[in-house]
Amino acid sequence: MPETNNANRNNRPGGAKWRAAIYDIIFEADTPAGKYFDILLIISILLSVLVVMLDSINSIREVYGEILYYLEWFFTIIFTIEYFLRLICVRDRIRYATSPLGIVDLVAIVPTYLSLFLPGSQFLLVIRVLRVLRIFRVLKLVHYVSEAEMLSKALRASRQKITVFLFTVITLVIILGSLMYLIEGEENGFTSIPTSIFWAIVTLTTVGFGDIVPQTPLGRILASVIMILGYSIIAVPTGIVTSEISFASIEERKKAGPERTCAQCGNSDHDSDALFCKHCGTKV
Amino acid sequence: MPETNNANRNNRPGGAKWRAAIYDIIFEADTPAGKYFDILLIISILLSVLVVMLDSINSIREVYGEILYYLEWFFTIIFTIEYFLRLICVRDRIRYATSPLGIVDLVAIVPTYLSLFLPGSQFLLVIRVLRVLRIFRVLKLVHYVSEAEMLSKALRASRQKITVFLFTVITLVIILGSLMYLIEGEENGFTSIPTSIFWAIVTLTTVGFGDIVPQTPLGRILASVIMILGYSIIAVPTGIVTSEISFASIEERKKAGPERTCAQCGNSDHDSDALFCKHCGTKV
Amino acid sequence: MPETNNANRNNRPGGAKWRAAIYDIIFEADTPAGKYFDILLIISILLSVLVVMLDSINSIREVYGEILYYLEWFFTIIFTIEYFLRLICVRDRIRYATSPLGIVDLVAIVPTYLSLFLPGSQFLLVIRVLRVLRIFRVLKLVHYVSEAEMLSKALRASRQKITVFLFTVITLVIILGSLMYLIEGEENGFTSIPTSIFWAIVTLTTVGFGDIVPQTPLGRILASVIMILGYSIIAVPTGIVTSEISFASIEERKKAGPERTCAQCGNSDHDSDALFCKHCGTKV
Amino acid sequence: MPETNNANRNNRPGGAKWRAAIYDIIFEADTPAGKYFDILLIISILLSVLVVMLDSINSIREVYGEILYYLEWFFTIIFTIEYFLRLICVRDRIRYATSPLGIVDLVAIVPTYLSLFLPGSQFLLVIRVLRVLRIFRVLKLVHYVSEAEMLSKALRASRQKITVFLFTVITLVIILGSLMYLIEGEENGFTSIPTSIFWAIVTLTTVGFGDIVPQTPLGRILASVIMILGYSIIAVPTGIVTSEISFASIEERKKAGPERTCAQCGNSDHDSDALFCKHCGTKV
């Protein structure tokens, strides 16, 4: 997010005055106009997602279907205008259009137009909910952004361990699911290997829908093993992530305290208990 | 809780002697009379909650309905008298009436009177169970209170990370739920987007009621992704809270004994029972 | 367990030689005879538990009921003789009879005799499975015992935090369950407040049987809150226990390394990086 | 895996040139030919597992049964040839045939031949999925292998604690399951002690299929205890594994950079990018 902010600053158009004014309203969250615009935008997004949800409920569509249809188009046109305004007033259009935020902005309006040719696709509009993530920028929740970054950093750091874990889980459910198919068979609901693998995932993750339940003694013993396995190995991703979050927290705390910049070399990355600059040895 | 205790001490009325006497019985837990009063109060609260619960069971209400009705009024009148006594004998009435404990004391009697006009509202009386939290004060469970404070401090410290996590989860279930609605459709139980989102929450949190189960191959693949996702991302709040609790524990332990630094070698890593520095043998 | 071992050693009878011989066989696990006895005992216990389990399956009882009945009595008589031999050959009978192991030994034979007057009570015999815990002593799994002690120490240390957590959970499910009763009502399966509280426990703990599922929009919103709450607060006990286990592990590792005893004061509780005795300051 | 790699290197045949050439293609992943072979192999394995899965779905078998049958034999013959080529070109055949990879290679072809005599056993072919684990070698995911080793090291280190935990869980479900059988009885679905124990496992691990749900008040109270117990004690394996993973991570990080001690003040807590001691300013 902060990078996007920087990108925005660099993207501010130098040319026509009206473009700069629109830019300030649409892209900046610091000015009063920009703040009001963003709050209005978030309310519109939430309302439009609500419209899509209500439209999917049969009993409501039968009564208010027409109103919801017009509201859907109303919000889509609003968001289309907003999208083109954004395109017009940024300096580097390709950069905005290919940024994650720009793609979400586009994807949030396409399904309505698509629904003219492909009925049903309007429900994809719920993707608009992703636009609400702008809320973090509006409310200047710098803290939240930095916490989100710390979390995603911890998750990225544990990416490889998580991949190894997921590989193991997938191999496990394929083999255990197939075994359950052989043991229980079609008469007990394990109608095919894919179905049995789905059941093994449902059981290993401790979700347990209960639409299929093993009936034979051997099947129940294997199911017990799967359940206790699932109950125990959840410890592994938890352990991985906890360990990474702890390390990230410790480093954050080390750096906490008033920021001190070394007069000699300009380094400002000091531990809170540092008396000398670790890069040039000068007292700080 | 300790603040409330302090508040109580300051709230002790200086005026009439009988008010001070009542205050000592109702508010203090240190005097024998106060202790007996508190124990009696907790038993009454538990009994009155039991009465409300039993009253909600049809087979019991049919037989003992009248007795339960009178018992409900009996406890309500007792608690009403208690509430007014509390109001009378504290010095700062507004302060008590607007404190969390005071509000709970009031809310615990209102539903019975309300049920005269609004049948059914008497079941709100279970809110009385909150009053049982006084038990921590009665039993002088200072340890428990300090542990509760440490826990809530750890949770407060991780508030922002938890918010970011909940935001992500809510965005996820809205998008995944809508996708399931498009994939599975009404014929497989996913009758509307809100229903599908509810199903996505049920599945992601690994609750798995099993009233709706995906039937199409694509739906099952997406469901598997949701389940494995839910199974894995539970690691995130756990990691956050564990990390905070560990830090809180470390700080508590540090405070437990004053930190002692060896005058000879500067080592400060001493066991709490150490008499001599383990690195240089100097007395500490 | 080690204390029991010590207790055994002190309990060794000094008198008659045959009593000492029986004691060595029954109570000691170090001698060959004692080891064979213990292995035989564990096999008997497992077989007798299996008999009780099989006896509870209708289709098996119909065919093999008589055999199982005799086997049950056979094992009970064996264990009764063993119990009296234990009573005879220990020095302090009251101490053995009131020790946890002694009580389990008695409870493991009583239900069969009780079933003569109270049919059905023979199924309580599964309590015999507790006797299998002797296996830790037989196999000399000192490591396992020390690990078990470390775990139970960590759990004891987090006892107060866990109590606070459980209190909060119980208060939560009572209030949330009652709210669900008011919102959903009897027509949707929430037939009484106790039933609704049971449902709230099922949902909060992410078990999710699915026999009762909320149907109203408001009920589903509250259910979503309960599920996400349950999904998140599981982090609290996990954080507590993880933190305690980490501390216990750190302390264990600190003490690891060859045991060094101070020549001056006899203290042998040194950290692995200690150069001087922390009690008397002598070099170690 | 690395050991296997070493084993391979030592196993490279010195004799005939064509054997060495085949060895390089089949066993090595470093040469271009070896890499293409491995990628082709993994695709074949995944396709053959897919064939087995599709063959288990009735509606697909009815239409494409014959094609799937021939594909199954096609892949089996391919893998059989590959297995014999492997046997021919390694130096130490017994060593390869008894290594985990060698056993999986054999087990991956046997079921098809077995299905000639024992219909249904061809579904055991899903074991082929284990061969996909070779993917780690192909993609040279050294990082993943080292992460996998770290994880399995952490799990091995917590083996004894996990055993104690599983012993406790098994004892718990046997006793709690039997109690539920006595309380609820056959009329509420708890038809035998083994069934009740299976239900106790389903409930304790928070899977909750919901095919059997307690109906009596006492049964529901005990079920609540089981659920809250299961919800809480999941903290134990999590705590154990988290603690071990943290220690393994700390050690890994320590090894990452050589520990540098400041010659001046003895401080050894330097950041990896430090050039000067942060406490006294001396060069390190």
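Letters are used for the chains, namely A, B, C and D, taken in the order the chains are written, and counting of residues starts over at 1 for each.
One rule holds for everything that comes next: a contact is a pair of C-beta atoms (placed from the backbone, for glycine too) under 8 Å apart; a residue touches a chain by one contact, two chains touch by 3 or more.
As the structure is a computational prediction, the values presented were derived from the model and not from experiment.
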Residue numbers at the chain C-chain D interface: does the shared fraction exceed half, giving same, or fall under half, giving different? different
Out of A-D and A-B, which chain pair has the most contact pairs? A-D
Using each chain's Cα centroid, which is most distant from the centroid of chain C? A
Could you state the distance in Å from the CA-based centre of chain B to that of chain D? 40
Report, in whole Å, the distance between the mean C-alpha point of chain A and the mean C-alpha point of chain B. 30
Find every residue in chain D that makes contact with two or more other chains and list them. 165, 194, 206-210, 230, 234, 238, 240, 242-244, 246
Would you mind writing out the residues of chain C in touch with chain A in their complex? 206-210, 238, 242
What residues of chain B sit close enough to touch chain A in their complex? 160-161, 163-165, 167, 171, 174-175, 178, 181-182, 186, 191-194, 197, 203, 206-210, 213, 217, 220, 223-224, 227-228, 230-232, 234-236, 238-240, 242-244, 246-247
Interface residues, chain A side, partner chain B - complex: 49, 52-53, 56-58, 120, 123-124, 126-127, 129-130, 132-133, 143-144, 147-148, 150-151, 154-155, 162, 165-166, 169, 194, 198, 201-202, 204-211, 230, 234, 237-238, 240-246, 249, 253
